[in-house]
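Quick heads-up: structures coming right below.
In what follows, subunit A forms one complex with subunit B and a second complex with subunit C.
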Partner chain A sequence: MQSQERPFRSASGEPLALRRRQHSASCRELALRRPRLQLRSLSAVTSAVWLAAYGVFVLSENSMVLSAAIFITLVGLIIYLHFVKIDQESLLVIGSLGIQLTSSYASGKESTTFIEMSRVKDVVINEAIYMQKVIYYLCILLKDPQDPQGVSEVVPLFQSSQPRLDCLMEVYKSCQEILDQRKEAPQSSGIK
Partner chain B sequence: MAPRRSAGGSGAEMAAGGRAARGAAAAQSVCMVSDFFYPNMGGVESHIYQLSQCLIERGHKVLVVTHAYGGRRGVRYLSNGLKVYYLPLRVMYNQSTATTLFHSLPLLRCIFLRERVSVVHAHSSFSAMAHDALFHAKTMGLRTVFTDHSLFGFADVSSVLTNKLLTVSLCDTNHIICVSYTSKENTVLRAALDPRIVSVIPNAVDPTDFTPDPSRRDDGTVTIVVVSRLVYRKGIDLLSGIIPELCQKYPELHFLVGGEGPKRIVLEEVRERYQLHDRVRLLGALEHQDVRNVLVQGHIFLNTSLTEAFCMAIVEAASCGLQVVSTKVGGIPEVLPENLIILCEPSVKSLCDGLEKAIAQLRSGTLPSPEAVHNKVKTFYTWRDVAERTEKVYERVAGEKVLPMNERLDRLISHCGPVTGYIFALLAVLNFLFLVFLRWMTPDSIIDVAIDATGPKGAWTKQYFSGKKGRVKEEPPIS
Partner chain C sequence: MRGVRLQEVCCSSGIADMVLKVFFPSCCSSAESGILIGRWISEQNSAVILAVVHFPFIPVQVKQFLSELQRVTKVNVSVLGSWNNSKQEKEESLSEFLEDLGTIFSHEPWIQISKEGDSKFWSCSTLQKRSNNHREEEIILVYYDQRKVMLSCLHPPLDTAASTAQEAEDASRLSAIFDTVAKSKVLFMTDKYDDGPIKLTHWQSDGVEASIIVELMKQASVPTCMLLTFLLSLISGACKSRMLKFWPLSFLWSKLSTCEQLAHRLQHLQVISSNKKAQNQTQLMRKANIFVSLLIDVALGILLMSWLYRKNRIGHLADTLIPVADRVAEELQDLLQWLMGAPAGLKMNRALDQVLGRFFLYHIHLWISYIHLMSPFIEMILWYVGLSACLGLTVALCILSDIVALLTFHIYCFYVYGARLYCLKIYGLSSLWRLFRGKKWNVLRQRVDSCSYDLDQLFIGTLLFTILLFLLPTTALYYLVFTLLRLLVVIVQGLIHLLVDLVDSLPLYSIILRLCRSYRLAAGVKFRVLEQQDGKPLRLLMQINPLSYGSVVQTYRLPTYSCYPKDSWTSLCKKLFLGELIYPWKHKGEKQD
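Right, the complex of A and B next:
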């Protein structure tokens, strides 16, 4: 099993690390790791909330404000770690089986989607207008069961890390290598 | 709607040759900006599309920026890799976006940077987005060209305001293109410009689209064709005076009216009052590709416009071999030589005289044959010629310097009057500060350079397309 890691940047300038793992010729794992939650930003947000609460407390002289602030900070942190902050997004491509998308949250929660290879039409890089930017993104095109030429759905990948084009090209090439094997030998990639 | 592929099969070879001969130095990266583009239909839209296609053929990189039309938003590609950005900006009035002068800066900056735009070419003075783009491009230090497609008055409040806005917008633009000499005169006066930076490049028609077909005519009758939007500016009220008068005089006369608009009711009233249902046909809105099929059914084309910078409709009609009768307004007298057009004053009487003259010529058989007219007209206005001349403007602009901030402020203050000048100078400074802020937020270095897809040598080659027809998304090259 080969494994290599390369540094990249996201569309908003954040550092990213792309780890490529070659499990076998037709099985490859690509993981994008984002920087972990910094203690500095955590303490900055916490102290900002508490200072604001203290200001309100001085004005209103109601101590409920302080307890509410502590409560809000804690709940906010849990929600943030559990539902918002994604530490790692990975893509497991298995030529004969399908593509598995995993996002791991900072709390350790993982959400996984699996797409069968028979439904995958192609993996492409596309352009989109996102917020106030035009960015490149990687997406999986799903086959339309009614129309074999058509595309029924577009599944965007790496939505939270938004890597830049050089990184996307790397992932794209890796995926295409495996998808090409499937095209070359459609019979052999079936169940043996 | 997918616009048809322009130019013949020779396009690809020509472009390849053009690019090789030109070398990288002179090839420009042009960004066309206008609120008006396909799927909206009209003169400006087809102008931008055809000009872009011919510029691509000549080896330039061209992209179009417009606002989103319904579900059509994001990035799309048309023939020959012409890239179109449909930006999600709010449409305010008449397909024109609202302008705050600032909100479009982040997106436009991103596009200008990632496409490495060297010239920003804005179209149409009605388009707020075009003015916004000019303003931002100047702030970013890019070269700017503006094409004006319409004529304006000087008297009423709305034109006074638009003229002021145009003065502000054009006073520091590198070069301005007008479609006729009348339009140039008008623009120079309206925007108080130096005439030396205004060029005249007429519009063009695709002569292969507008070919005559005399067999489609009914020679037992005389058919007068009118194709225009049914609005006040197009003189539909004059038309409603002409129809009953001529129909009484000539029993074999028929009218064929193509187009839609608020003045349709006027024509319907006339038809009702004089019982002309069998002789006046109202076709409603026409698709661009149907226009030719309507034109070839007629003998005479009537244009009743009250104001017109450059009338495409009469060139199209003449290209189909029709005798043209038109009002003598705006740039129309420049468009066609005297033997192909009968010019009249914009009044019912004068137009009727002109039409009678045309009918008399038709009956006596002294009109030139449709084929002869077509062959003559097709040499007048071609898109290749327009592109060549526009290219010269780009070359000239590329040699000029962009005004630095302090000179730009001086120009604004000295040129646009004391109040407006200072207001816009302040806005220009604010825009610059906003740009500095954006540069701090997302530095230029982290904006990806877009893959160049333009032209047959671009990443999206024809061969690549042919195998995957009907596909919505495109892939980057596999290197």
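Right, the complex of A and C next:
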């Protein structure tokens, strides 16, 4: 099992780390890690909220404001860590089984989606125009059961990390190597 | 061209992979050596292993057992390969023996899995008789938890009756695997204490477990259901009797929301007390949801009742009811006096104002007299009506909504009077405006046509038009005031009905199941890559990915009888402007006006 890690940048400039692991000939895992929650920003936000609450307390002489501020900070932090802050997004490609997307949140929660290989048409890099920017994103095209040449759904990958084109090309090449294997169908079973 | 087409057919159908997938139950990891039985899915090149048969066995008996199993479960179970678990060093003779078994139970391909000592990394190989292709097949070993996969239900459920053969082929691989394990429940009923010729290892082979309480409840449920069905048939027979179908009573039943709610709950009771077993998962979940919803409803109702009757709160409530009604009437009288004067500085037409004001005041006077007539009986009626809260919290809320409707009946009457008057005026105005311009509404062609009127027609028409136009502000003001009051009452009633719908339709059993036994409701699977070793097959762990709470509520919501107003805001405003009566809550089954 080989594993390599390379640094990249996201579309907004924050540093990302892409780790490639090859578990077997047809199984690869690509994990994109984002920077963790900084103590600096956390203490800045907390101090700002508490200073504002203290200011309101001085004006209104109501101590409930202080306890409310503490409660709101704690609850807000828990909600942010559990529902908003994604630490790592990974893609596990198992040729002949399927593709699995996992997002790990800062609180340890993992949300996983598994797409079977029979539903996957292809993995491509798309361009999109968003406001004044042109962004590239990797997506999985799913087959339409009625129309064999059509696409029924597009599943975008790495939505919260938003890596740049060089990182996307690495991931694209790894995925296509595995997807190519399934196109080498054995000739003996088809042709009589 | 033909070659290309064959290639396309080859690639699009089923994808004959060169990778062999073996789904191995994690409970059999420490089983003794033996042969593997399960189902071979050739389109997906995967083997689902269900159990391990141990030595000693007679091949003929094993084949008999498997054919019997196939007949009962309709799953194509066969011998797939051999399992060699050697605790000490490799036993050469055993492995040769296991290879020879491949000739007795002919299966293509013959899978051989062997485990040395306590090592995590097993070696897996296949024997192909028709060795045209000498390619080395890659093998993936996927561990799965047999009990969880057997009990779980994959969403969205595939309706096997409706799907055609083509769809079944394209059907997800996972549903095939889940199906195989779920249908083989009979196989897992034999444990090691049974004195059969075949010794198996599967998740229940250490002893079949059952709960005494569940068994007792199953036995007790049959006579309870029969009793309940009998009682319900009596009640529904009484309800459908001719006596209650006379016109005033049937009109009353259709207007009271309590009767609707009671009928809805009666239907629910009929569903859960029916003798037919639930056909599939959806029906079972629906029955369970209805049962839990009824239980919670009655529990909350009894709680409410105990709170109401403690410290005679219901007596206090009855005592305050008449003064509240009096207060409302007084407020209305003050409002009418205000309207009869110069409301908000606007100057009304004095004569019309007085007429309308006095008419509505007399109406309130009548209403107050009736309320005072009923006042000695109110406490007793309320006491008995409050007892019906034990039927459920929803019934209590519906009764509250009905009491609110009855108490504000005069507001409803005023709204109807005001709306009709205003509507009449608007229609009159629009028709006379057409006359003023020399046009007419052609009923035959449903359009406005020009028309030549006589001079006296024009004169009278213009006169009437002017009168109606100058009387419009007065009528419009009365209409506006009473519509606002009516909307207030409608909003209060609407909130109560929203709460009732929430209790009615929330699938509590499914939510609790998702919380406690999340593997039962599966949205899909997730794979975890376990430790690997070079040269050994790829090891994966298949776990169940549970459904999200939002999808649980959406899939298992109980249907309710009320449908929310389909009017958009613009059509509502248009109706209000024209003076058409608005009916906010239409129940399903009522004829639309």
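List of remarks:
Methods note: the second predicted complex is superposed on the first by the 182 of 192 C-alpha atoms of A that agree within 3 Å, B and C clash if a C-alpha of one lies under 4 Å from a C-alpha of the other, contacts with A are read in each partner's own complex, and residues count from 1 in each chain.
Rule of thumb we're sticking to: a contact is a pair of C-beta atoms (placed from the backbone, for glycine too) under 8 Å apart; a residue touches a chain by one contact, two chains touch by 3 or more.
A quick note: this is a predicted structure, and the numbers were derived from the prediction, not measured.
When both complexes are overlaid on chain A, the residue A:Arg9 reaches subunit B alone and has no touch with subunit C. Legend: residue contacts after superposition of the two complexes on their common chain; A:Leu51 is shown touching neither subunit B nor subunit C. Of the two partner chains, subunit B is the only one touched by A:Val151; subunit C is not. Contact with subunit C, but none with subunit B, is seen for A:Thr112 once the two complexes are overlaid on the shared chain.
By the document's definition of touching, of the two partners only subunit B reaches A:Tyr136; subunit C does not.
In the superposition on chain A, A:Cys27 contacts subunit C only, with no contact to subunit B. Applying the stated contact rule after C-alpha superposition, one finds that A:Glu127 touches subunit B and leaves subunit C untouched.
Of the residues of subunit A, not a single one touches subunit B in one of the two structures and subunit C in the other.
Those residues of subunit A whose C-beta lies close enough to touch subunit C in the complex are 1, 23-27, 29, 92, 94-97, 100, 102, 112-114, 116-119, 145, 148, 182-191.
Across the complex, subunit B is touched by residues 9, 11-13, 122, 124-129, 132-136, 139, 141, 149-151, 154, 164-165, 169, 172-173, 176 of subunit A.
By the touch rule above, subunit C contacts subunit A in their complex via residues 3, 6-7, 9-12, 14-19, 21, 45, 132-133, 135, 138, 140, 142, 167, 170, 172-174, 524-527, 529, 532, 534, 537-538, 540, 545.
If you check the complex, the residues on subunit B that touch subunit A are 73-75, 85, 87-88, 106-107, 110-111, 114, 442-443, 446-450, 470-476, 478.
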